[in-house]
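Chains here go by letter, A, B, C, D, E, F, G and H, matching the order in which they are written, and residues are numbered from 1 within each.
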Amino acid sequence: MADPIRIRDYSFESRLFVGSGKYRDYDEMLACWDASGAEVVTVAVRRVDLNHEKEERNLIDVIDRERYTILPNTAGCYTVEDTLRTARLSRELGLGDLLKLEVLADEETLLPNAPATVEATRQLAGEGFCVLAYTNDDPVTAKALEEAGAAAVMPLGAPIGSGLGILNPTNIKIILQRATVPIIVDAGVGTASDVALAMELGIEGVLLNTGIAKADDPVRMASAMKHACIAGREAYLAGRMPARLYASPSSPREGRFTES
Amino acid sequence: MQITLNGTPRQVAPNTTLAELIDEITQDRTRVAVERNRAIAPRAQWDETVVADGDEIEVVTLVGGG
Amino acid sequence: MADPIRIRDYSFESRLFVGSGKYRDYDEMLACWDASGAEVVTVAVRRVDLNHEKEERNLIDVIDRERYTILPNTAGCYTVEDTLRTARLSRELGLGDLLKLEVLADEETLLPNAPATVEATRQLAGEGFCVLAYTNDDPVTAKALEEAGAAAVMPLGAPIGSGLGILNPTNIKIILQRATVPIIVDAGVGTASDVALAMELGIEGVLLNTGIAKADDPVRMASAMKHACIAGREAYLAGRMPARLYASPSSPREGRFTES
Amino acid sequence: MQITLNGTPRQVAPNTTLAELIDEITQDRTRVAVERNRAIAPRAQWDETVVADGDEIEVVTLVGGG
Amino acid sequence: MADPIRIRDYSFESRLFVGSGKYRDYDEMLACWDASGAEVVTVAVRRVDLNHEKEERNLIDVIDRERYTILPNTAGCYTVEDTLRTARLSRELGLGDLLKLEVLADEETLLPNAPATVEATRQLAGEGFCVLAYTNDDPVTAKALEEAGAAAVMPLGAPIGSGLGILNPTNIKIILQRATVPIIVDAGVGTASDVALAMELGIEGVLLNTGIAKADDPVRMASAMKHACIAGREAYLAGRMPARLYASPSSPREGRFTES
Amino acid sequence: MADPIRIRDYSFESRLFVGSGKYRDYDEMLACWDASGAEVVTVAVRRVDLNHEKEERNLIDVIDRERYTILPNTAGCYTVEDTLRTARLSRELGLGDLLKLEVLADEETLLPNAPATVEATRQLAGEGFCVLAYTNDDPVTAKALEEAGAAAVMPLGAPIGSGLGILNPTNIKIILQRATVPIIVDAGVGTASDVALAMELGIEGVLLNTGIAKADDPVRMASAMKHACIAGREAYLAGRMPARLYASPSSPREGRFTES
Amino acid sequence: MQITLNGTPRQVAPNTTLAELIDEITQDRTRVAVERNRAIAPRAQWDETVVADGDEIEVVTLVGGG
Amino acid sequence: MQITLNGTPRQVAPNTTLAELIDEITQDRTRVAVERNRAIAPRAQWDETVVADGDEIEVVTLVGGG
């Protein structure tokens, strides 16, 4: 029952993509990745710290490139130009053509700037990037990103770091009805049932970071997220029973020896 | 000669190459990518690229992110 | 990380209990049980069909007793007396002392008759049964069942066969706050996320039948339910991140080389 | 002599034991449990229990249920 | 468009019943009653305070009996006997045969004791009371109360004083489908939209106290509740538009002079 | 307790704005307007029908301009240019400077094209229009519209004509926290409780059409909407009681004569 | 002679009627209802009912409630 | 001479003014607004504006909408 997620030429067995931020240390991060079953991990691009670089263990050294595909993001970019620069630097780092493109609107909400995201997607897709575009849940924007060349569209479930879950499943459904590229929910997921619910909508995958990293027990939550992702996917594929007001017995009415 | 390296003014000797500058701040060239005056400075050209006065150089690496 | 559910002297690794009703045939049922990871399976007690018994393969012959613990129910009982008779017959069948006790109120809604359930629990607990009492989600009834000697209390998520999920998580929470016996949600679960949500409330297990048997692909849904049960349990144990309106970046603010 | 077996009238010969009656309707005694006039008829007593006229006998087994 | 609620021989234009508890003083209470448009007000029966009675203004003196119909409750009763005594005393006070019957289970949750409520209803209905029976939202209990002689059944929306709204609209719907006496939601209502939602289900009325008395501005909230009750009732009677995923233009497609 | 909504120099007692589309005839429309209490009514601009114009009663003749303020919309526009043309024509019709600006993305979803809406808002605000900008519920777009000169921002509750209510109250809350112009929810409202819920969030008003026009009894629903709008507004102003798990008695614990 | 009035012991003179007792504690008889030994004491009988030693009397009135 | 009126070809006599054209299609000028070649044709200029061959004229009015 192999059921990989495919994005352009990439193919992954696990539909859960996880981040590398907010962990106590690399060991915790690696233990969570292992427990999550993820094959794709997001990273950010930042200035080398001129004061401390030589001492630190670098994230690049920590990641087993045989096991994990790196998905660099453009977190922290608020303009199209900064996003383009960040993307190009990430490619120069030898991380390949995959890109989690995000252009944020402001530091207060960390919500995406949709038109700038469309514009950056158009340019970077043109430069050969495999763009996974983080966006809001507006179906019109999702379609525009697809038309601009996004390899996958990643609407948020809720604001980054909020843990509120999938605030508007209806919008995700509308996006799915019209999509021709994979839809991955990115951001807002707070706990396992959020992942299961999201996957049951029929999306292709879930990307999350804070939900694992800021749980009381991140490793256990990573395992929870892994199972939830599988659960939601399989439930979607299995086709759920119809809901109705009430009621249908699971045990047969025939053969009862009792009177009533 | 003064450049701006990662947003901070820095004195460099004339005829310093990008490769020399990078070696000053990291022990593993493969960990970093470089932008010079807002354009990518390809790794293959670091040895031959001489830093100019007033250059804005960004040297970046990976960090944790979501 | 062994984390078994314990009910009196019983202990099970899997917190998912599944039924044996509504399947197309025994082969489908067994495949679903296997996929679900369940160790406890519910069965019903009915009159031998005088016309067909000799030909049929009997459910008893089908169940691997080494692998599965049988939990007979009193489905189809609408009076205390019928419930007692059914329970005693199930024990006479050599199925042990475990009992899913249900006293229903009417055939239209299949909702439990709470006071009759309390009375039957009192009597059967007194007769040595290990009573898992199916009931509505009224916290007062749950407490009364516990006091009547129930080994576990099994409030419904929604009416039997409705697939509506957990209609009133608040009541389940109140039940949990006051319970001293395991709380297992029984009935109403329609899809995987329902199981995950239920387990995240902190209940000890989920019992379901229709959600698997009436999915388009029951075996796949059984697997989905298995993963959802693990996911919800682990998320509960892991302790989820706090939710908030917005927003917290997963990537660091420090070290950005971009301007804004 | 007439009894009611699983809700249906049935003629049985005098001095029929429960064990004999059960063997008529199932090939494997371990699969069934028996109630006679609303009380459990324990398996160990089937051989010695003679069915009486008017008895209401229920013979039950397991079926699928939720 | 007169649309009164009828309970036995009683008939009221307003479908909002309000309480007399938790107000700062009688003046605030009377102002709230006026703003709420209520015609039925609930009161409790308590021991005369031997130390202070002669000084105080008594609630009986405060209520304009021409305007308001008094509905005494049996709040604070935890046994059938205490409930009967309280009911009989309330009648002896000259308050007529109306009774909000409540038998609570415990002081912690203030949830109703359903079987005791049924028993008390049977007895008091037999003594000629017009019993409005406060209960949980279990459809089986609601039916039993009706059969025991209740003139109206009053399921809770949520626990008393919780302000959580209608936790389980599905149960209210099932109750309504089978009811032959008026269904009034009592308890749990926190704000105006809770009342509107409840009334849209098709119930006959709403009884509330804390939602008004503990608002920051009780008089204004009383007015809000009045309008919400009318709104919900009229929306129910009007028959809402069908919901669908999307979308239907309110402006005509024909006659557009623009190009696209 | 006058509490008008103010938009630039306009001020209206009623916070409910209603449409003129989808009615059976003008008489029904006018009866609904009367029942709704609305003071602002939306209209569309369309080509004169060359075949039928002379016979028909025109909408302009039907509207009592003393009573109703006309809010022309740009419905049916899918480009910035068409929107500008429509706006200018509406002003040429003598309808003043008020404008419900909408630029839709496609006929399938009727969802707004957010960047085009911002651009059209900028131009028309510059031409002196008092722009009420219809948009999605993205907080970033809402802020951009405000900065582009919108006099009010009108996020949708759900897609036009869907009747799904307020799909994402969290987004509306974020919009409200940052807004300096009135926020009016436009589109998606299906029944009275939707209006009450929306207003309780703290928005300034609600605009709706289909919810009234396509109810089984539009006039009664118009009345329901009027009351719901008042209810939600007053509840917002009154400040609701805090919600909690359980429970607080409305009747005093003191003075009980009963034993328990 | 001692009775229990509203849960509190109270001394009353012999031959005290319910009516007299009630007038001691409230100025308006219509505001209260009375229970004597867990049975309603009807208003019409207050004048003729003599309080007995050990009686448990409850005198209740209306208070705010929901 | 041919124009396009509300998207439909229409023959008009030479020297027809906008005002005359509008009067042909509506009995109340105040009900309509007019666009000529995608620019507003202000009401005050209708009398003096002569329709030209190939003009695209839009005459609009109010209709119900939400």
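Rule of thumb we're sticking to: contacts are C-beta pairs under 8 Å (C-beta built on N, C-alpha and C of every residue); 3 or more make two chains touch, one makes a residue touch a chain.
Treat the numbers as computed from the prediction; the structure is a model and nothing was measured.
Relative to chain B, the most remote chain by averaged C-alpha coordinates is G. Each chain gets a centre from the mean of its Cα atoms; the one farthest from the centre of chain C is H. The chain pair with more C-beta contacts between its two chains, of F-G and F-H, is F-H. Here the CA centre of chain B is 62 Å from the CA centre of chain C.
Averaging Cα coordinates per chain places chain A and chain F 35 Å apart. Here the spacing of chain A and chain H, counted between their Cα centres, is 55 Å.
Look at where the CA atoms of chain D average out and do the same for chain G: the two points lie 67 Å apart.
Counting partner chains per residue, chain B has residues 6-7, 35, 58, 60, 63-66 touching two or more of them. Residue positions 19, 21-22, 44, 46-47, 73, 75, 85, 108-109, 111, 158-160, 164, 170, 174, 209-210, 213, 245-246, 249-252, 255, 257 of chain F are each in touch with at least two other chains. Chain pairs that touch one another: A-B, A-C, A-D, A-E, A-F, B-C, C-D, C-E, C-F, E-F, E-G, E-H, F-G, F-H. Residues 5-8, 25-28, 30-35, 38, 40, 42-43, 58-66 of chain H are the ones that touch chain F when the two sit in their complex. Put simply, chain E touches chain C in their complex at residues 105-106, 108-109, 111-115, 118, 136-141, 143, 158-159, 164, 167-168, 170-171, 174, 178. Residue ranges of chain C in contact with chain B, taken from their complex: 249-252, 255, 257.
Across the complex, chain F meets chain E through its residues 1, 19, 21-22, 44, 46-47, 49, 73, 75-79, 82, 85-86, 107-111, 158-164, 190-193, 195-197, 200, 209-211, 213-218, 220-221, 223-228, 230-235, 237-260. Taken in their complex, chain G has these residues touching chain F: 6-7, 35, 58, 60, 63-66.
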